[in-house]
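In the two complexes below, chain A is the common chain; its partner is chain B in one and chain C in the other.
Our next item is the complex of A and B:
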């Protein structure tokens, strides 16, 4: 068996996840040694899109017809497709819940009209899983180097890794930080995927949720908790929406409908 | 002969761009730098959010210059809300900013740009022939990242620097390490700078250019100011940035375009160095004098070497910044008001970056961001057109690499140029 063939692709995002792969300075040469890197346009002019891949890492949300086309092509030729980064896994900040106004309305405000830019029709930003089967996810905005290397190691051995399913709070407790919520600060640790090592609370800064919503989040309880600390419902909803992606967005819309009877524009 | 050249996606730039050139009867009909990256509508995402949230959101515009976005937004918010910060925090921001320049410039100069001049598809393939330069590049990059990790909280999208404050102040040990390592790495960048001497710099695109950058009020070569300077001598207060930028929409790009007095202009390390050259010092000044010539004013390739010289400048100045941070006592910021307008101007590694904000009762009401790559797009198209016209005359076969090299010289962060947009106020 030869080296596993991989490709690293970017759809619409900030390229932070690809950058953090390039940021594996000490391990970069090794990565290029263990894997046969067939496509990584952010790093190399040489690429070969004609061969099937063992693993494709895809960053970014699907935000144009072109993104979608590329994603489908990559999916077709790859045995394992890994969504890397918040944009790919949840939709990214560009997919956050913004109240009543439809996405196309916001788009038109910016570009004047629907077809002012003709290069590739825009789509409302969505995560990869809205369109194709995703075999594994690596959340984070952006992903961190250590979980990426761990995952790459497992994939090299043919194992499809699973992510931890506990929240940032657990990591924060291991670090023996003083809880920011108890100090009255807005922290989304309880409803956010772990993986970052509770970086922000360890810097005395409330988590804004950039690893995305944990699977079985109890956000109604989260909202109630923050309201009891004196934050308004509106402020809490806004904070929850930033890294909530499309899925939490839908839940938030329903929740607001149920308590307010409207969509909280 | 009719010919259509399509380069897409352009490799070794961050984000999705393409070049389309149409040639009919040996005449250039069209040269377009297409931006294919999808729109993210950042200026709307921050509406209704708190100043703090708007800092976290807008820093996601770009990974490589997230810190510049963060500092521009923080500055915009602090001006809008009349928040006054102390000297120690100023210096910490400056240190983090220097870290970002080092990281970004080492990535671009060595890993993204040099392979073209030396004839390689990427930096990894350069290892055999240039082992010291490539490992040196990775060391420099790692160092820049480490500085950001220590001061800004993470390598990418760190949350430690906030409006009016900082979550955690770096320890003396961390600061001492930053200082010591800066001195050790000077030799690495000088080795990298030496490579430039042997390169042939193409001239088939040359044309006189207008440049713009920040103009620090304290007379230093720095990356933050409230004044913009243009190479025609004009000085603009930050909030009059629109006099320079004049953004407009074009059909082949989700990124808007900028022109000054109807003409393209350039921003970036080359622009900064031309405008602030009298403020350079130390070894950086010596290297500038060694490599400077008249062609700097009309050839974007010099942006690459300007980045390398700037990287050296940053390493040379970090020790004194660290010393000052250590001896300056902490002062809390003085809170201002909860409504107002403000413009934050910084230099991102790729050039002038502007964040404008309007806040009402602690919530953002309006935002406008002007990104370096947006400002460079028209200039890049102009140079590409010149290149195609001249190369056809010379009968050149390969037009793709020369065009890609022009685009890469600008070190475009395409993802960040897309969002760019004006919000119509309700």
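Our next item is the complex of A and C:
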């Protein structure tokens, strides 16, 4: 069996995830040694899109027709598709208002007119999984080096990696931190995917949720808890939205409708 | 059990001298809380009631590589750093005894055993705060499970010898201890009386296993489930929680596979999930009921004692106030002002 063939692609996003792969400076030669890298435009313009891939890493959200077209092409030729980074996994900060009807209104507010972006027709930003089958995910905004290397290691062995199912709180307890929620801080630890090593709470900064919502998040309890600590519903919803992505966005919209009877967008 | 006394000024030199056995760890201040740390014994805080994370971290590390696989062969990666742990209170020692039963009685866990053998355990007396309830769980005093136990009286420590190894340690340091007198015993009895009067939690644990069993269909589990964040904090801070997950990690740096074991929680999604994606305990209410039934009923029938030692860690740690006390209050119809009990959480 030859080396697994991989490609690293970016849709709409800041390209920070690809950059963090390049930032694995000490391990970069090893990555290029265990994989046959067929496409990684951030590292090299030499690329070969003609061969099937064993693994495609895709960052960025689907925000234009062009993104969608490219994603479908990559999906078609890849055995395993891995969504890397918050945008690809959850939709990114650009999807924070999902669920509200007024997307085109907001688009016009930002760009001035309906057909302002001419490169490709725009779409309401969504994660990859809204359009294609995603085999594995690596959240984070941006992704972290160690979890990426772990994932790459397992993929090189033919194993499809799995993200932890537990929230930041678990890692925060392993770090033996005092709980910021108990101190009245706005911390999203209990509803956010772990993997970051609870880096913000370890520096006394409440979790902002950049690894995205855990699958079973109880955000209604989170809202009630923060409200009981004196935060307004609006302030809590804002914090929950930033890295809430498409799915939480939809749930939040329903929640807001049920308590306030209207959209927050 | 042999008992000696030690002048207070001898404690730090005594603990320092134990570095020849292994790293000396004890409770030190972190923010408004305490953690076990490897520091100079001068820094140990004898007023520490409960550490954020209990001493189980020494015997089942939070994350540990248990096996390595390289070039086609497995190697055992048993970590057994020699340590002295100072400052375990009676509740902590009871919890450690539960750990010992769990990890040795039916299936011996070699990683646990080697860590335990490499550790000298030195207990320390305590005076309860408002969240201590070891008097209710019958774990406020301890007879076994330590090498030495220090009881702090006004001007001296009483040092109880709990094992041949503890005896040896003291034998080598005879100049630091003295024999006790009748007066010391009197002082000790007075101290115990004073301590017993200090417990504040006004609740009865009598007949609790039956009450918890009978409450299987109670709607309080749903009420709790609506507020529970499934963050796993209660299980991480509980000194008798033993569960772990095992995971393989491949390190591309040196082409080595590491099999890791890390703390895991019955509140996490995949705990009760089986092949095919079926989950035996889908709802948070079911997971909560499992935890409390396990601690207060199941463990009782298997080991003859509850798995709660009254340390109060869940009481001070759960962000939504779900803990042994608020749950028992709810189950026994007592007044209960925990967040989960007084808040209507709007579920979608």
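Everything below uses one rule, namely that the second predicted complex is superposed on the first by the 259 of 265 C-alpha atoms of A that agree within 3 Å, B and C clash if a C-alpha of one lies under 4 Å from a C-alpha of the other, contacts with A are read in each partner's own complex, and residues count from 1 in each chain.
Assume a residue touches a chain if its C-beta (ideal position, glycine included) is under 8 Å from a C-beta of that chain, and two chains touch if they have at least 3 such contacts.
Model, not experiment: these values are computed from the prediction.
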Room on chain A for both chain B and chain C (clash or fit): fit
Name the contact category of A:28: first (chain B only), second (chain C only), both, or neither. first
Can A:208 be said to touch chain B (first), chain C (second), both, or neither? first
Tell me the contact category for A:44 with respect to chain B and chain C: first, second, both or neither. first
Per-pair minimum CA distance [chain C against chain B, superposed on A] in Å: 14
Chain A contact set shared between chain B and chain C covers 26
Within the complex, which stretch of chain A touches chain C? 26-27, 30-31, 34, 149-150, 152-154, 156-157, 159, 165-167, 169-170, 173-174, 176-179, 181-182, 189-191, 215-216, 218, 220-222, 224-225, 228, 251, 254-255, 258-259
Quick check: in the complex, which residue numbers of chain A touch chain B? 10-20, 22-23, 25-26, 28-29, 32, 41-47, 61-64, 66-67, 92-94, 96, 98-99, 106-107, 109-112, 116-120, 122-123, 125, 141-142, 145, 199-200, 202-205, 208, 210, 235, 238-239, 242
Residues of chain C that touch chain A when the two form their complex: 30-33, 35, 52-53, 62-63, 226-233, 236-237, 248-253, 257, 263-265, 268-270, 284, 316-317, 319-320, 339, 343-348
Any idea which chain B residues touch chain A in the complex? 9-16, 34-45, 48-50, 53, 56-57, 60-64, 66, 107, 111, 115, 121-125, 127, 138-139, 141-142, 145, 153-160, 162, 167-168, 249-254, 404, 413, 415-416, 418, 421-424
